[in-house]
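Consider the two complexes below, in which subunit A is the common component and subunit B and subunit C are the respective partners.
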Partner chain A sequence: MRRPDAKVVLLGGASVGKTSLLRRYTERRFSDSVSTVGGAFYLKPWRALHLSLWDTAGREQFHGLGSMYCRGAAAVILTYDVMQPQSLVELEDRFLGLTDSASKDCLFIIAGNKVDLTEQGGEGDGHGPRGPRQVSREDAVALYKKILRYRMVDEKAAPAAEQMCFETSAKTGHNVDLLFETVFDMVVPMVLRQKAEEPVETVDITSQKPPKRTRSGCCT
Partner chain B sequence: MVNIKAFTLVSAVERELLMGDKERVNIECVECCGRNLYVGTSDGFIYHFLLEEKALPTGTTTFTATKQLHRHLGFKKPVSELRAASALDRLLVLCDSCISLVGMHSLEPVPSGARIKGASTFALNENPVGGDPFCVEVCILSVKRRTIQVFLVYEDRVQIVKEVSTPEQPLAVAVDGHFLCLALSTQYIILNYSTGLSQDLFPYCSEEKRPIVKRIGRQEFLLAGPGGLGMFATVAGISQRAPVHWSENVIGAAVCFPYVLALDSEFITVHSMLDQQQKQTLPFKEGHILQDFEGRVIVATSKGVYILVPLPLEKQIQDLLASRRVEEALVLAKGARRNIPKEKFQVMYKRVLQQAGFIQFAQLQFLEAKELFRSGQLDVRELISLHPFLLPTSSSFTRCHPPLHEYADLNQLTQGDQEKMAKCKRFLMSYLNEVRSTEVANGYKEDIDTALLKLYAEADHDSLLDLLVTENFCLLTDSAAWLEKHRKYFALGLLYHYNNQDATAVQMWVNIVNGDVQDATRADLYEYVVDFLSTCADQQLVWAHADWVLQRSQEVGVQVFTKRPLDKQQKNSFNPDDVISCLQKYPTALVRYLEHLVVDRSEQKAEYHTHLAVLYLEEVLQQRAAPSHSDTTATETQTKLRRLLQKSDLYRVHFLMERIRGAGLPVERAILHGKLGEHEQALRVLVHELGDPAAAEDYCLWGSEGRGAACRQHLFHTLLTMYLQAGPAAPELAVAAVDLLNHHAGEFDAAQVLQLLPGSWSVQLLHPFLTGAMRGSIHAGRTAQVALGLARSENLLYTADKMKLKGRAIRLSDQKLCQLCQHPFTEPVFVRYPNGGLVHPHCAASRHQAPNSPSPGTRT
Partner chain C sequence: MEAGGDAAAPAPGGAQDLEDTQDLEGTQTPREETGDGGVQSGPPDPGDTDPEEAGSQAEDEPPSRLSPLPQSEVLSSTCEHWSSTASDSSPIHGPESDSVGQGGDPSDENWRNQRKHVFVLSEAGKPIYSRYGSVEALSATMGVMTALVSFVQSSGDNIRAIYAEDHKLVFLQQGPLLLVAMSRTPQSAAQLRGELLAVHAQIVSTLTRASVARIFAHKQNYDLRRLLAGSERTLDRLLDNVERDPGALLLGAVRCVPLARPLREALGTLLRRCTAPGLALSVLAVGGRLITAAQERNVLAECRLDPADLQLLLDWVGAPAFAAGEAWAPVCLPRFNPDGFFYAYVARLDSMPVCLLLLGTHREAFHAMAACRRLVEDGMRTLGALRTLGEAANFSDSQAASAPAYSVQAVGAPGLRHFLYKPLDIPDHHRQLPQFTSPELEAPYSREEERQRLSDLYHRLHARLHSASRPLRLIYHVAEKETLLAWVTSKFELYTCLSPLVTKAGAILVVTKLLRWVKKEEDRLFIRCPPKYSTPPAASADQASHNGLFTGL
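After this line comes the complex of A and B, so read on.
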């Protein structure tokens, strides 16, 4: 098995459509899915790299696994359901904390799924309420800015919020390719930069800093 | 979920061998090391067995265990764990919270009595960090709260190397290098015992479930997670594989690549680590131990020990292929890379790819099939041989054994469905066409090309011709028979031609043109044959078919001689005399051929030129004799004749003059006179006989071509004189004279002309001539002046350049002295003479007579 060069993780509450988005992208189809157990992963060759795409389980029961899945991630796609305001709130309350283990310059992308269910989005299919959208794009943009503050990233140094907030439909395929491929294209230069910065084979013993304690024990 | 058979469960130790009928005694733990099997019981006994493996002809394996020894440890406590350290010949025994060392074969305690006290459980480091082969690294969870200790265990002593405390009570441990993977009471963590750094993995609830921590390979662990998940985690705290999904109440897990096995109260389940799918379920009740020992998986109830024997991977792969599960078979085959030696793996993997390719092929999944054939480097003849009669009879090919698929031929594969059959053939065509020029084809290009030819011919495919006219390896006899059968006679000709049998090829085509055989491939086959012969180096062959091509059409047929590619050495070209004698029967062809010699090839032989001229002449005369003739315009042949007479200097002029005399062809006669230099006679013919001033003017231009202005002037003057001499008797010639002067003013010497003209002519009449002459003379004068002016200015430019080249930068310093007074310069003002001499301005003024010129030179 080839070792992936970077990891992209999908996070978000149960039933917002993470598995459906990934399936739409990798298999070009939409079918009813069962709620994910644990997680699943795809290896995606992109340009010269191999990216691993992790689909996580949104159910509360598996919440504890998120942090491990996010460890070292190059990008996290936070997914919500445009018809469920609660799913956007959850992103901040439940999922944002899991990304602490992600890589330092991890990219954040917000995807509002199921736009096909909104009145603009066309025909629904009986899953979930049909009607006016419940979450506006501005809410997503606001969350993105909050995330930057949480991560203590200067808004000017990060990609613009408009560029990082997507509205998708796994059902119709709307914006799905755009979402993933925009992310991949942003990840590639990051990985190449990292590879160039730290030649893996050599260890510079002179510049080794005392490692930070990750778990705060008692005072030493 | 369709099962595959990955393991079979066989009994290893029957309960009678262990505890006989002691009802209340249970198996507590198991250890297996090579052929040694140890069992620890709840009443403090250790049993030692030797395992013997026997492969049955049915492909299954059985085990028999022979008891070697058993020993009681001396406590009424259960033996809770056993670990063998074969390098030390020791067994580590955990009993009553104490790890003691006993001999692996004697089961006797070591004399030193070395032991580790206060251990609730322990793990050996299978990836030890110290280099000492005569010690093992042991990590224990201490009965002291929240403490872990690392020991080095030698043959007969133990040494503590580290004690680490944990934030919560540890419950289970596995070790890899410096890393401990720990189940604490609320979460799993990775702890580096040498640095003390730790990394959270994920939370779980130890009160609800017994944790499982299992090292599965270098730096990777398998953990029981929430919701019955088997989670993978590396020492870096990340997951590289998706989790497997077990039941909620799993009590033990083991790994036997590429499978993860899990035990619950009812079943043993088998998941693949390659695709995370569940592959097999074996019912197994009351199991409580599931462990793997160097690839051997052992499962035990409290009364008996069993072994899970893996089926050979190849067998599993074949089973998957047999049930058309291509994807899974390929994943498994690829995953087997680490278990099988490289060479063997490659052979096996290639074969699996090929088999998978045929499965896809049979389902008409051609794209997938092609990719598999390509990556499996399939001998394409396997594929060709599915199609009856495609391989040449001479081919030495026999299908691979054991066979890659179950089909005798395409007929069987498609069950006679013609449409499917056609699809398969189309695929084969495109596939063969793709591979024929790659290295896949090496060694059997003949088989491939011949098969391709047969397919094309059968399908009436255009590419048949492309195949035959480019480099190919089609076998002659096989292909010829097939083409004949399918009435591809034109292609058959191409085949013969490719095999250097041009005579047979041409004969084939001639037969088609003659209608002896039917093949409508080319409507223009006759022209094709002519073209073919015209480039054919074999003169014999051209002669053989010359009559045939000429009889069909002289115009086209003659091209076999006229359209031949030019070759410098003239090695392959025909002798013109031979051709001419052959063409005697075909007059049109003969004229064409002579034209070819004279015009295209510029042959210098007088004979050809004369011959051509005579033929033209004859034809012209013939045309004139014809009753329908009206002599107002020159016929095409006449134009050609005139052009030849004018252009060529090689024909025999006198001979033609003889033939032409009295034939009433004045223009031609004038040309002949001109050729002899008899310009006056020529002009006379044109003026007096033909009465055509325009022809006479043309003659002047043609006759003087390439001979300079003087000659031209002479001809024009001759013509003018001829017009004027006629006098008033022929007024039309006077008109011609005026026109001549007015149209060609430039060709005359105006002064001379004025002398000749009759005084009675008005200036008005000659106005164009006179203005022309004036303008010409003024123009000439002015042109001469311009040229003079330009020459002057050019001269001036050169002079200026020369001046510039002579002048140099001037450096003035205290050391420089005035050339006149020999005093230094005190001010930056000086006078320079063109010869370079520098002087004070006042010196220059006082000595007025300067060395060269009076000009003051440059000042700075």
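After this line comes the complex of A and C, so read on.
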């Protein structure tokens, strides 16, 4: 296995469905998943590249590791639950700061999961509590624009918000493939461009030399 | 029912270890741990599935068992309070325990009927965890517990336990956390305390003691559930295991996968060879059982890994969250250092249930650990170990000698149903890896209630053997549905469960056979020579000389 060419990270509050989205995509099924511990790494061959996918824990307990998972990320999929307005607020409050360690031109994608629970989500199986959706698509678009401002990216230079905001259902599979494959396809040219431009810019902290003594070496 | 009496000496070499066990009924000494932790004088819980059984059985107990309450441990006024609560809860026919207790309202019968409750709360009385029911509904109950604790504290003392009729309440204060067990199982207060310590260790392993202390120092009424969200299931599993698969916590030992010694040693060598920067500990496990482990000298030098920490890791990697992908998560080893995190790489090898855990000190070392894992995986493939271990994991498909789980039939002692065996005659420098072995729980212990009953019996016997005031060496105990023999010598600690029809002489024969079998198989059942610490190329060779501290694993 080679070192992955680019990193895609799933971020979002607890139980918004990050692991379920990934499972739906990779295993084509939906199952009640368990609370993720830390982060789980998956390798995804895509076109000629190897993409690494990090499924992170949404629990506050693992918050400290967030920026580590995001380091050098080429894309961050911010996930919320369309039935939980708080989960969208959390994206801004808790998770946006973690992406400071992502790559400079990191892509931001916003995914509103669990649309099968909304009254409009017609593809659901008709079970489970349904109700009016709590988060509108416009809210997600507004968040996307806020992120661009936060990252100091010109709105015109970045991909359009409409293109980057998804509404998905891990349960029915609605938009799940579209979400991941759109992201992967956008990451590929980024990686190729980077490869052409510059040597990989990563810091290998394991080989860091111990700090030099203040006294400079003199010839003895 | 108790045929304890004369302790007919099992023959197998060690008669000098035997002591008269006394009639068990006669040992109702008014001393704390003895009086309560002992084998009950009535027929031990016939263990029928109905929770009512346990309740009514307890009522049948002679009052003498209840009267000698040690004053030092009991607050008479509060005791009254609790006993009144307890008696209110006289069991009503309810559905089987596991599906119930969602409500958590203390007036809810199902909730009250649970055999054992475990609560964790903050010093301020804020609920953090409850084994059954929702903690929200329990604020008032938890308030009472806080009141009990602070009432005793105000007189410059600490409350440890309350004995109220058939219930035991055990309190454990750990920093800003208060842990309470409320049980009508036959577990002794010491055993319950051990369980509470394990629960606390589990919490510390996810948060560290330092951060728990910091949080509460900063905000006394902080709701710790925010940080523990998702960890409740781990605590539930820990507590379930005490009843479903007794051994690890009871004996303070880890269970090893039976494996041919050459293969285990080869795996140990492999783990030592595969290193990564900052790697502290490598563990191979399957289904919560240890295959082998190797500890890095340069990181954990001078430190022994506590078996409780190792058990915690074995439980932890068994979590369903680690079933897919390669996980990278922080984990704290409470006995090693309750205030710091290690970073753990956890992956299933070759999509087998065999699990590799690499514990390191570098936060960002994921890729180095992943590379290390591939080395281990390749090495194991070369050894053909994955196939062997994979077979072992599917106990039902394979009765092969290499199986990690084995049937009690393998012993070839008819009448023997189950046993726990913990060797004590291990060389001194291996002492840091206490191990035990036991066969799979098979019929008649396939159902949960039956397992619970067996676990109760083992706990009773264990409490008797290890009673602080009057320890015993040998117990022969005739229960309604089985006969048990527990025996501790300088060489081993043994609990056997035999057919109820066995005679005393027959039991001795079975135990003799079992001991012979264990002796013959010990190289396979146990890690006889735990791998020495790896010596990474950079480390100086002068440390390689033997040091007892280093050879724990």
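The definition used in the following text is that the second predicted complex is superposed on the first by the 190 of 220 C-alpha atoms of A that agree within 3 Å, B and C clash if a C-alpha of one lies under 4 Å from a C-alpha of the other, contacts with A are read in each partner's own complex, and residues count from 1 in each chain.
In this text, a residue touches a chain if its C-beta (ideal position, glycine included) is under 8 Å from a C-beta of that chain, and two chains touch if they have at least 3 such contacts.
Because the structure is a prediction, the values reported are computed rather than measured.
Using the contact criterion defined above for the overlaid structures, shared-chain residue A:A40 touches subunit B and also reaches subunit C. Shared-chain residue A:P132: touches no atom of subunit B or subunit C.
Applying the stated contact rule after C-alpha superposition, one finds that A:S67 touches subunit B and leaves subunit C untouched.
On subunit A, the surface patch touched by subunit B in one complex and by subunit C in the other comprises residues 1, 3, 37-41, 61-62, 64-65, 68, 71. If you check the complex, the residues on subunit C that touch subunit A are 206-207, 226-231, 233, 277-278, 319-322, 324-330, 344, 362-368, 370, 374.
Partner subunit A is touched in their complex by these residues of subunit B: 167, 187, 195, 197-204, 225-227, 229, 231, 233, 236-243, 245, 276.
The touching residues of subunit A, when paired with subunit C in their complex, are 1, 3, 14, 23, 34-42, 55, 57, 59-62, 64-65, 68, 71, 205-206. Contact residues of subunit A toward subunit B in the complex are 1, 3, 7, 37-41, 61-62, 64-65, 67-69, 71-72, 101, 211, 213-215, 217.
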